[in-house]
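Two complexes come next, and they have one chain in common, chain A, joined by chain B in the first and chain C in the second.
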Partner chain A sequence: MSATWQHRLAERGVDRRLWLLLPATIFVLLLFVYPFLYGLSLSFQPTQGGGVLANYDKFFGDAYQRDTIATTLKIALPAALLNVLAAVPIAFRLRGRFRGKRLLTTILVVPITLGTVLTAQGLLNYLGPTGWLNRVLLSLHIVDNPIRLTNNYWGVFFSLVITGFPFAFLLVLSYLSGIDPTLERAAATLGASRAQRFRRITLPLLAPGLATTFLLTFVLAFSVFPSAVLVGNPAGSTRVISLAAYQAAYEQYDYSYASAIAMVMGAVELVVVAIVLVWRSRLYTGSTGGKG
Partner chain B sequence: MTSSTSNFEQLRLDGVTRRFGPPDTPAALSELDLTIERGEFIALLGPSGCGKSTALNCLAGLLPLTAGSIWQDDRRVDTLPPEKRGFGMVFQNYALFPHLTVRDNIAFGLRMRNLPKSDVQRRTTEAIEMVQLTEHTSKLPGQLSGGQQQRVAIARATVLEPSLVLMDEPLSNLDAKLRLEMRTEIRRLHQSLGLTTVYVTHDQEEALSMADRLVVMRQGKVQQIGTPEEVHTKPSTWHVADFMGYRNLLPLKASQLNGDQVTVDLGGTAIRGAAQGPVAPGDDVIAAVRPEDVKLADQGVKGLVEVVEYQGRERAVEVVLDGGVQDGVAQDPVRLHVRTERRVEAGEQVALTVTPGRLLVYPS
Partner chain C sequence: MSRKFGPVRATPLGWVIWAVVVFFFVNLAGVVLSVLVSSFGKKWFDTWFPSGFTTQWYGDAWREFTLFHVIVVTLLVSALVVVLSVLVGAPAAYVLARKNFPGKRLVYLTFLLPILMPPITYGIPLATVLYKFGFAGHLSGVVLANLVPSVPFVILTMTPFIEQVDPRIEDAARMLGAGTRAVFLKILAPLLVPGLLASAILVLVRTVGMFELTFLTAGPDSQTLVVALYYSMSAAGIRAQQSVDAMAVIYTAMMLVLLVVALRFVNPTQLVARVKEEPSE
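Right after this comes the complex of A and B.
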């Protein structure tokens, strides 16, 4: 290759450093693109025959299956929203430097390392019918019968908050530290009260980050599986869509049908992601003046 | 006057102190007493870390005081949060709201005061015209040049007609040419709007050219308060002299005293200077003189040219004098900075004289 050619390619960003992308490309192709396309084509080849879309007809034609979409959204959307909303005031309080910040941040982030199973066990011990909470409430005669907080909707909800909140908190904290604190001071010297400063300056600058955070925690929550079984009611109120896919694949051994359910699951997630991203694209997303 | 706080005749800082850390750490700002008259342009001047920005932030209400008080006539203001003080502030990095247009940035303070829409509209438009940004009203700050951003910041702080405008090194991020233009601009605004301004800078030239009064600070303490001329011609300490362009600070010995005239020995020649503090014969002193007050002459203190910098009309020359021998010990050579129009070269032997009355002698 002649020298001028090399210069021309280099101007367009083509040079030998591009080889560095090779491992990641192979990784993505083998572990994401191929299985996805394989599943997609499998979903169009129903085991019992009946045309290309038979699996999808079967899913949407059966209310028991179709309702899993609503069930999952009913758990995942509020949980993701709560995670983001709870993370904002806490991150707001914890930005800047102070003594013990590292310890406090660590405590807030520890649940990430626990894993769903340990969280579920903790929830059963604490919130279960014979758990500490109910025993305290009963002995203080605040309630006459144990309140049900596990093996139903709330068990899964709490589990998603416990595992999802640390993610939301870390993300919001980093978005918030990216906002130049002088902006709020400037707003104060212009007569803005604390609430006005948050509403007019911090929130608009933080909103795109909140959208991203919401999406990440939503996607995590939408694929909920272990806690729906362990602390939920998998036969009823927490029969989530991933459970439907699991049952199709490993109880009925209908991989084709399971693939179709997985595709529906992906499509629903994409719809939510698209809605949030369209909203986000209308916000100011430029520099926020900080170092983050 | 539509702003929430009425204008004042006098703003008084009374022993304003700010410490970052436990009580035994040195204060970042130590017992600042200062009275600002309405309409004055005050410059707080000093090297970085001298406490000038701390003082400004205390005034703005962005930093609580450790001790002392601030009075606006007979109203105490240091206990008010920044949003209740009604002072305008221009920040070093401008702190423009990146998500708001130029117009919305400037209108922000007016909107916070819940003024009628038509008022907000009219005053914002006036402010935009004043800083000549009419063509840029709907741009975001990120689309403006540094000088334009600076003007938005000034318009945003002054549109409220605040009783006091605080400026924290507003020109330090601009290039040299723009800085000169903006200097004049700020001074013009100050006069035409009848503002009272406190201006923080580390640039002595900026402070001298803009301010009515200078407050020179060092290590959290006030060194001197005076008009630009007073501070420029009669610095109160050798630290102030150092900051005001007395590049030659020579550790010498006083030999004779006659009234406030001190004789010092410079390179073997006796030179007379004006004592700026208690000095006794035999004392170690610091003699301060500006490079422009040392002249190359046919006779005088002998020295050897070491470095020559060409600076357009003049040359900055560094001359080494023989330190001489004192009590049988050879002294370190003394270096003098000189400005001259004469063409000299490194290695040349020259003779120097000091303009009479321009050598200031400080106790060391």
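Right after this comes the complex of A and C.
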């Protein structure tokens, strides 16, 4: 009896080899799912008493805290969008083979290794009031006084572009090289102009990949933390939500409140992800590439 | 590509694009060089270049920030994370690449989530749990926290490599009497060396660069280089700016070495993220 039972399960793909999945599953349950649920339940048990939703009331009732959501989105969405949109034309010019392609892609990867901290330090040096950029602008008489680009919104924005653009570029380039070039040639044979070929052939095939790239860059930008502190204005215009969560946990030692903020952060991020994914699912995803 | 349609034409749009790329690189070079020059500079106020050059800041940074200890910790954490995540992740990647079973999509999604979530979101609850059980503040806590995105990452990078290995090779080995162990050690492991190397190196690069999770779980003795760098920078004013710059240069040099090694084994697009489509049923 048991032999046929095993046989039936095996037909559905359940056999001994599934045990190999066990370590990873236990690991994900213990270190990801359990902490997440623990944080979720902790967020409903406010340290200072009050109702179940007291932490969330506190967060949304306090404009200083509530505004961190808008602040974060105001930094992360434009930065992610710019990174993706700038990557498209550049990747478009760089696809295919040419001399020095490997060198160029390598140079583009380098900013990924800089990390947020060196980028922050470099931006402070380079864009600061006595930095090289202001010196050049001043000596060319483009500006009369040093322009302020650090310790405010722009500092964080530039830091996100420097770390996020190479990332977006590499992804877009790999999606673009996955599109079958014969399709475009066929369109050219049928008399489509360059603009038409791009708009009617390449772009629709690339769009799902662009959505994925946008998502991954957005996730990176959304959790901006070190640069918001180091090159931003962490008390004001760049007080992002991850900073609010960090302060609650490590400055006020209110883990319950910190977990609530982390949950809000996760929820906001997942809403954006869901919107993009829904939009993406309406796009064509065929076998000709652009798969994300 | 355009080669097939004839030579690249210098369209106005093309020039604009190249100008933007050059502009980006010039400024990027400015950002990087300003740190490099400053780390070797003597005094640098309100001039184009420092008044003289010296290497004293490297010595200062080395002593003040106990960099030797920090680098040892960084390497130890990264090595442990790499070994553990490959040991845990590779078998799971094998199952996900080879088999269909009920609930596969759910399992796959659960493995994807830690990569899609910002580290701070799950990092704070995770750190709370790790503090509760006494792991955080020590090396073990840092390693455990860093495993969370690393194991899924190994799974995602390994799956395509495993899919490339012909299942008939395994079947043949089984026919000839090899047990599961033998199939893994003698057949799969040698064939998967490139995939194992690729995912190990990618995890190494990501762990050395991982700020948030290490920051949330590290104690004074278990800081990695990025976290130590962040602390030294946010405490700026107490210490000379240049020794922070020197430390940043050491960090970047270390990352660059890793990157050059990594690029010998992997495609640059894999460095960033490789989120594959869910496997088709």
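Assume the second predicted complex is superposed on the first by the 281 of 292 C-alpha atoms of A that agree within 3 Å, B and C clash if a C-alpha of one lies under 4 Å from a C-alpha of the other, contacts with A are read in each partner's own complex, and residues count from 1 in each chain.
Quick note on the criterion: a contact is a pair of C-beta atoms (placed from the backbone, for glycine too) under 8 Å apart; a residue touches a chain by one contact, two chains touch by 3 or more.
As the structure is a prediction and not an experimental result, all values here were calculated from the model.
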| item | value |
| --- | --- |
| Clash or fit (per the criteria above) of chain B with chain C on chain A | fit |
| Chain B versus chain C as contact partner of A:Y253, first or second or both or neither | neither |
| Chain B versus chain C, judged by how many residues of chain A each one touches | C |
| Touching partner for A:Y34 - first (chain B), second (chain C), both, neither | second |
| Contacts of A:I162 with chain B and chain C, given as first, second, both or neither | second |
| First (chain B), second (chain C), both or neither touched by A:L205 | first |
| Partner chain in contact with A:D180 - chain B first, chain C second, else both or neither | first |
| First (chain B), second (chain C), both or neither touched by A:A192 | first |
| Which of chain B and chain C A:W279 touches, first, second, both or neither | neither |
| Chain C versus chain B - closest C-alpha approach in the superposed model, Å | 5 |
| On chain A, positions contacted by chain B and by chain C | 185, 188 |
| Sites on chain C touched by chain A in the complex | 1-5, 13-14, 17-18, 20-21, 24-25, 27-28, 30-32, 34-35, 38, 45-46, 48, 87-89, 91-92, 94-96, 98-102, 107, 110-111, 113-114, 116-130, 144-145, 147-148, 151-152, 155, 180, 205, 209, 211-212, 216, 226, 229-230, 233-234, 244-245, 248-249, 251-252, 255-256, 258-259, 263, 267-269, 271-273, 275, 277 |
| Residues of chain B that touch chain A when the two form their complex | 4, 60-62, 81-83, 85-89, 91, 93, 95-99, 108-109, 112-113, 140, 142, 156-157, 160, 166 |
| Residue numbers on chain A that touch chain B, as the complex places them | 180, 182-183, 185-193, 196, 200-201, 204-205, 284, 286-289 |
| Chain A to chain C touching residues, read off their complex | 12-14, 16-18, 20-21, 23-25, 27-28, 31-36, 38-40, 42, 86, 89-90, 93, 95-96, 98, 105-123, 125-126, 130-133, 135, 162, 165-167, 170-171, 173-174, 181, 184-185, 188, 212, 215-216, 219, 222-223, 225-226, 229-230, 242, 245-246, 249, 255, 258-259, 261-263, 265-266, 269, 273, 291-292 |
